[in-house]
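Look for chain A in each of the two complexes below; its partner is chain B in the first and chain C in the second.
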Partner chain A sequence: MTDSDNLSAIFTPKSVAVIGASTSPEKLGFQILKNIRDAGFKGPIYPVNPKARAILDLPCYPSIGAVEGAPELAVIIVPATAVPATLADCGAKGVKGAIVISGGFSESGPEGEALQRQALEVARTHKMRMVGPNCQGVNNPYHGLCASWPLITMRGAIAVVSQSGTVAAALMDWAAQEGIGVSGLVSMGNRADVDEADLIEHFDGDPQTRAIALYIEGVKNGPRFLTAARRARKPIVVLKPGRTEKGRQAAESHTKSLAGRDEVYQGAFRQFGICRAETLHELYDFSKALAYLRRPPGRRLLIVTSSGGCGVLAADVAAGEGLDVAPLPEAVASQLRASLPRHFVVNNPLDLTGDANSRLYKDVLAAAKGAFDVAAVIFGDPIVGASEVIERDRPELVIYLGGADVEREEGRLLHARGVPVFPTPERGMRALAQLVRFGRPVEKARP
Partner chain B sequence: MTDSDNLSAIFTPKSVAVIGASTSPEKLGFQILKNIRDAGFKGPIYPVNPKARAILDLPCYPSIGAVEGAPELAVIIVPATAVPATLADCGAKGVKGAIVISGGFSESGPEGEALQRQALEVARTHKMRMVGPNCQGVNNPYHGLCASWPLITMRGAIAVVSQSGTVAAALMDWAAQEGIGVSGLVSMGNRADVDEADLIEHFDGDPQTRAIALYIEGVKNGPRFLTAARRARKPIVVLKPGRTEKGRQAAESHTKSLAGRDEVYQGAFRQFGICRAETLHELYDFSKALAYLRRPPGRRLLIVTSSGGCGVLAADVAAGEGLDVAPLPEAVASQLRASLPRHFVVNNPLDLTGDANSRLYKDVLAAAKGAFDVAAVIFGDPIVGASEVIERDRPELVIYLGGADVEREEGRLLHARGVPVFPTPERGMRALAQLVRFGRPVEKARP
Partner chain C sequence: MTAEIGLAKHPGRHLLEPEALAIVKEAGLTVIEHRTATSAEGAIAAAGQLGYPVAVKLVCREIVHKSEADGVQLDLRDAAAVGAAYRRIMEGAARHRPDARIDGVLVCRMARPGVEVILGLTRDPQFGPALMFGLGGIFVELYRDVSFRLVPISEHDAREMIHEIKGFPVLTGARGKPPRDLDTLTRSLLLLSALAASRPQIDAVDLNPVILYDHGCVVVDAKVFLTDGEGRP
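Let's turn to the complex of A and B:
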């Protein structure tokens, strides 16, 4: 994380107080404290709870005022009515950032709205940045800071910014399960202070982040959002529901933000080069492709597969997305005809059939090198050694299915090398289409 | 499996010969023999290979003629040119069914086509039913018969019938990983004899099967297919690529079958009540919903969730699919207002917020019972005890995400009880929409 923005107390604090830390394992005040400790936070952790002497073997403080020194970050899980005073105590103590988990603010009616305004005023007075309220916290795996739940620590290149804590947690969990991880996670909640514009700026400047995955039901501040999106040098993928009237109503009820007309958003996304996902899996897939792969130089696509059926499914989606499943150049075709067993049909998709093995994939990809802008490599069988077929300096997108335990092992090896693997031909091709449109260009070799 | 059709030698043979069994672990002739043995096939297994004395400790026979007695089923993995003679030997021996794995037939040119015609003639002469050639075999987990790869043995209620071996294997693997399993799998290959119409009839009569998942690139015999589909009492889900011209060309190149105009298929699917999936994940999801859930009595949908964001995503897709995210009846609303903490907004979607636990879900679903046709229950957090919330006799569709290890454990428990769990709001709602359209009705209680 950079220190160039003023969110360093939120993302890379030297010390953390957990105000409203609890002794009851079923309470968030316990779970968050435990997650911060178990994620391996290196600095001091101060649980604050006037009724406990120690929680999880960490000595407990009766108030933030009683903590020695000044914690940089306070994670706050106290009843909503106590939040403004708690923030004031934090400010007086010199705390620089606050993550307010507690609900009961603008999402719950006029009294909550008043409390939220008060909380924001206090934070502003003390020049504290605040995430939330009514949120699922922040996770920075590069700083051992899991001020959120569930406990996930896997490091990677996707930044997750979300109005929904569950959406954020689901993405981070999928990334951890696949062994690719995230660069950071922020559940924004009611966005009283820190919002998507701040976080786009922050993660755009963060060296670990290579793509930003954003779930919003409505932007907080249109012009600021568009400025941040326009300035960002990294791909932004957004999932924004509210295409239907029912969805829009549900969104406005959920976060009390104006969801707005979908066409307005759609137009803005298009104008500012924001990649729009239609589903949660697409939000994940597109972010994964954009974070871990470079933009191919064009649309000419070679599909290489051991499964004719998967080749057909891929070609269908690719063509629908405007990718060019182009005929094989004659030079490549004759080279392949000469080297492949004679019952092979040399074509695009190139079906290596059930006889395929990793050697055959290697030979074919080497022969086709340079003749296409990108290759979709579909392993549709238990192909041992599949992970060794893929070369990072060639534009290749990998899909693996139907390989059971071999697939899981080779997928693990590929993800460990930073090569993303997609689970079906359709999801892979949809992601590839976004990569062609929104991908980061290949870095020029230095002279 | 029933014996009422003439495919019993294929699905429930008393004994199996593996002709072309190999001593080399990298060869299919070894892997299939091993999978048949390791899946726990109860009857005698006869490897046939003139050059080996034993494979995997099973005594080897120089020819099918040398086997004592008559194996009911022959799995054939010999070069294409040797297949007609091998089938003739099988016929002479009294073999009743053959699965021809070998490729090199109609998919590879005119010579192959001639070989395939010969093979079919031999099979017909001897009244043998034949699956393939050029296929990935048959798996009947209820008979311990994995004459296919990879080795998967999990039993369930979805029958998988596919022109693509990989598509079949992928579906079966997903079902096994989730602990729901399949009732059978057939990779049809070139469909010289057994085709999708035979298999729809077979699985429609199979007591273990509750839904049929079908991947086809083109039907072999239109009228027979439509007759079988019309007569079937069980839901059929079909994935048929070829919406784009490129996809259609790729399909025709893959299986040398006429893919045909998509509109013709679309019209037929609609007329005969066949559920069409757009992607491989949908083929799986829809089959899972239709196999494991009953049709709700109507379209009035209550969405209950711990995640406001997931409620919004679900409402958006549900509305787009024509489901009715209806207001809460006043009686239910006042009961919920009385029992829920006062900061809850009583609405549909009903957002139980991050405070949700399994008790709260139980109470809410009990209060709403009878007021809606179906409930979408979205667990959007680590909700311990989620699996105990769901009652099989209520129309409920479960979605679980963002719960990390708790999600995986509760999902496992739910699947073990035969309750399908969907991974995202969108996939769950799309599956629910199919269930409303194509689901099996609730069985009437006996008087």
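Let's turn to the complex of A and C:
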């Protein structure tokens, strides 16, 4: 990872101090220290607490000044009023990055706002980058750094950047549960210093990241955000609430009265190639599709299913999303008629019925290869061996449901191979539509 | 009266409609043929020059929304109708804002019927100048069926703005009507974008309606609002 953005002290520090480390297991100052240790951080960890001799068997320091050497990163969990002085001590010690977990800043009124300005000024004076305040921290599973909670260490390809700590944690948790993981997580909190524009730039340059999931209630700096988004080569998915917000101004100008905040955001997102999610599930689904699949060459879609109902549901959403559920080309249709049992209706969606098994899926997908831009493969029953049907070099999107334990096992195997699985036809088709619009192109084979 | 004088003279307010039309015309858009007048006789003479039917509209700095003050009289077919309209407008303005200084009236040719669209410009506090496109009438009033893009826009952006509104089929020849001139519409959006980029004094623009034909379009009503000279509305 390069340090062109000065964020390496935040994401890949050699050493970490936890200022406000606590001996009480119910306190964040304890949990964060424990998570950093338990995530397998390789460098020295320095708990700072004047009242403790050791926490979790790590020797404790009375102040950051008393630590030998200079920790690169400080995670700060002290009362808001003590934060500016603590940052100043960090700066004097040579600390390069700070994550301020503590609340009580701009979110809490004018006094907090003044404290936040003070904290930012101190950080700037000492050329320290700062995440927060009022945040849930940073997690870089590729560096064993869980300066956050809960403890999650699963590595993957989605970068999670969020104004809400819980939204960030939920996405990382889902990704870990499915066995796909994330490439990094930042809960930005009040964004006094590090904001979404910095983090888009950072993760765009991060080799582990293939898509950036962003939850924001508004951008901190419009022009900087747009510049970062325009430069980014990786897909950015944004969940920004406020669709129904009636922020209409009573303005003399008709245009002004129609320009709700959200309408202008929507225009900007479209103009700058940003994929917009409407729900938290979509933020996850779209990021997953964009991180783990490549953009199909076009919109012509073949739906292969073992469930008629799910095929219809998928076709319905696909059409609404502008995907083309095109008739089977005659050559493919006649080949399928010859090889499939007589009672099959050769059509698109192609319903393999309850008789379907992985062998049949394999044959059908092989026969249809090249005739469509992308295939939606719906496993609508406990189909054993489903994970072996999917080939990574074919544009295929997998939906698996109604398969109980078999589904969970096959899903696990698919995710382990880096093949994302979607839980319903609707969610799968919505994600596929984004992939067609915003996906990373297939890398050309080197000559 | 040139557009430059209009802009320099009135910081922190809206331009008179003749000034607004002049700026929009100078930007390259086609505006409705018009004359100004300060008397019933003058209005009748102007109508004679333009050719009937005409519309007569109030010109008054203090009254932005003219129709609320009976300030818009449409489809006037002869001199008698224009004279009567002039008097109705003066009475309406006096009733609506007795203290208002009335600058006169604008006499415009009536535009041929076509599809009414809205082109607009606003300044977003976060993103700066933004263009708006929408269909006129109930599409915008009831459904808020509009699209936005940030200035400057590309031709691709302009075409997307036009395509993404729900009422788009109205422009492509729905119900046996001819398809509309989307190339000219695209060009008009690009011209408005260029105007916004070159004139930081402009806070907002409403071109409402613009009438779109199978060939060309014409701006029938223009409002231009200015910032206070330091970028504030």
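Heads up, the rule we're going with is that the second predicted complex is superposed on the first by the 429 of 447 C-alpha atoms of A that agree within 3 Å, B and C clash if a C-alpha of one lies under 4 Å from a C-alpha of the other, contacts with A are read in each partner's own complex, and residues count from 1 in each chain.
FYI, a residue touches a chain if its C-beta (ideal position, glycine included) is under 8 Å from a C-beta of that chain, and two chains touch if they have at least 3 such contacts.
Keep in mind that what you see is a predicted model, and the values were worked out from it rather than measured.
Enquirer: According to the stated criteria, A:222 is in contact with first (chain B), second (chain C), both, or neither; which is it?
Expert: Touch partner of A:222: chain C, not chain B.
Enquirer: On the A-aligned overlay, A:263 touches which partner chain: chain B = first, chain C = second, or both, or neither?
Expert: second
Enquirer: Is A:47 contacted by the first partner chain B, the second partner chain C, both or neither?
Expert: Touch partners of A:47: none, neither chain B nor chain C.
Enquirer: After the superposition on A, what does A:404 contact: first (chain B), second (chain C), both or neither?
Expert: The answer is first: A:404 touches chain B but not chain C.
Enquirer: Once chain A of both complexes is superposed, is A:254 in touch with chain B (first), chain C (second), both, or neither?
Expert: A:254 sits against chain B and chain C alike.
Enquirer: Report for A:280: first if it touches chain B alone, second if chain C alone, otherwise both or neither.
Expert: Touch status of A:280: first partner only.
Enquirer: With both complexes superposed on chain A, which partner does A:136 reach: first (chain B), second (chain C), both or neither?
Expert: first
Enquirer: Does chain A have more residues touched by chain B or by chain C?
Expert: The larger set of chain A residues in touch belongs to B.
Enquirer: Look at A:309 in the shared chain and tell me whether it touches chain B only, chain C only, both, or neither; answer first, second, both or neither.
Expert: first
Enquirer: Shared contact residues on chain A, chain B side and chain C side combined as an intersection?
Expert: The answer is residues 251, 253-255 of chain A.
Enquirer: Which positions of chain B touch chain A when the two form their complex?
Expert: 26, 28, 103-104, 107-109, 112, 136, 149-152, 162-170, 173, 176, 215, 217, 239, 241-247, 249-251, 253-255, 278-281, 306-313, 315-320, 325, 343, 345, 347, 349, 351, 353-355, 357, 380-382, 401-407, 423-427
Enquirer: Which of the residues in chain C end up touching chain A in this complex?
Expert: 14, 64-65, 118, 120-122, 124, 126-128, 130, 132, 134, 140, 144, 146-150, 153, 157, 160-161, 164, 203-206, 208, 223, 225
Enquirer: Which bits of chain A are touching chain C when the two form their complex?
Expert: 218-219, 222-223, 226, 251-256, 258-259, 261, 263-264, 266-268, 270-271
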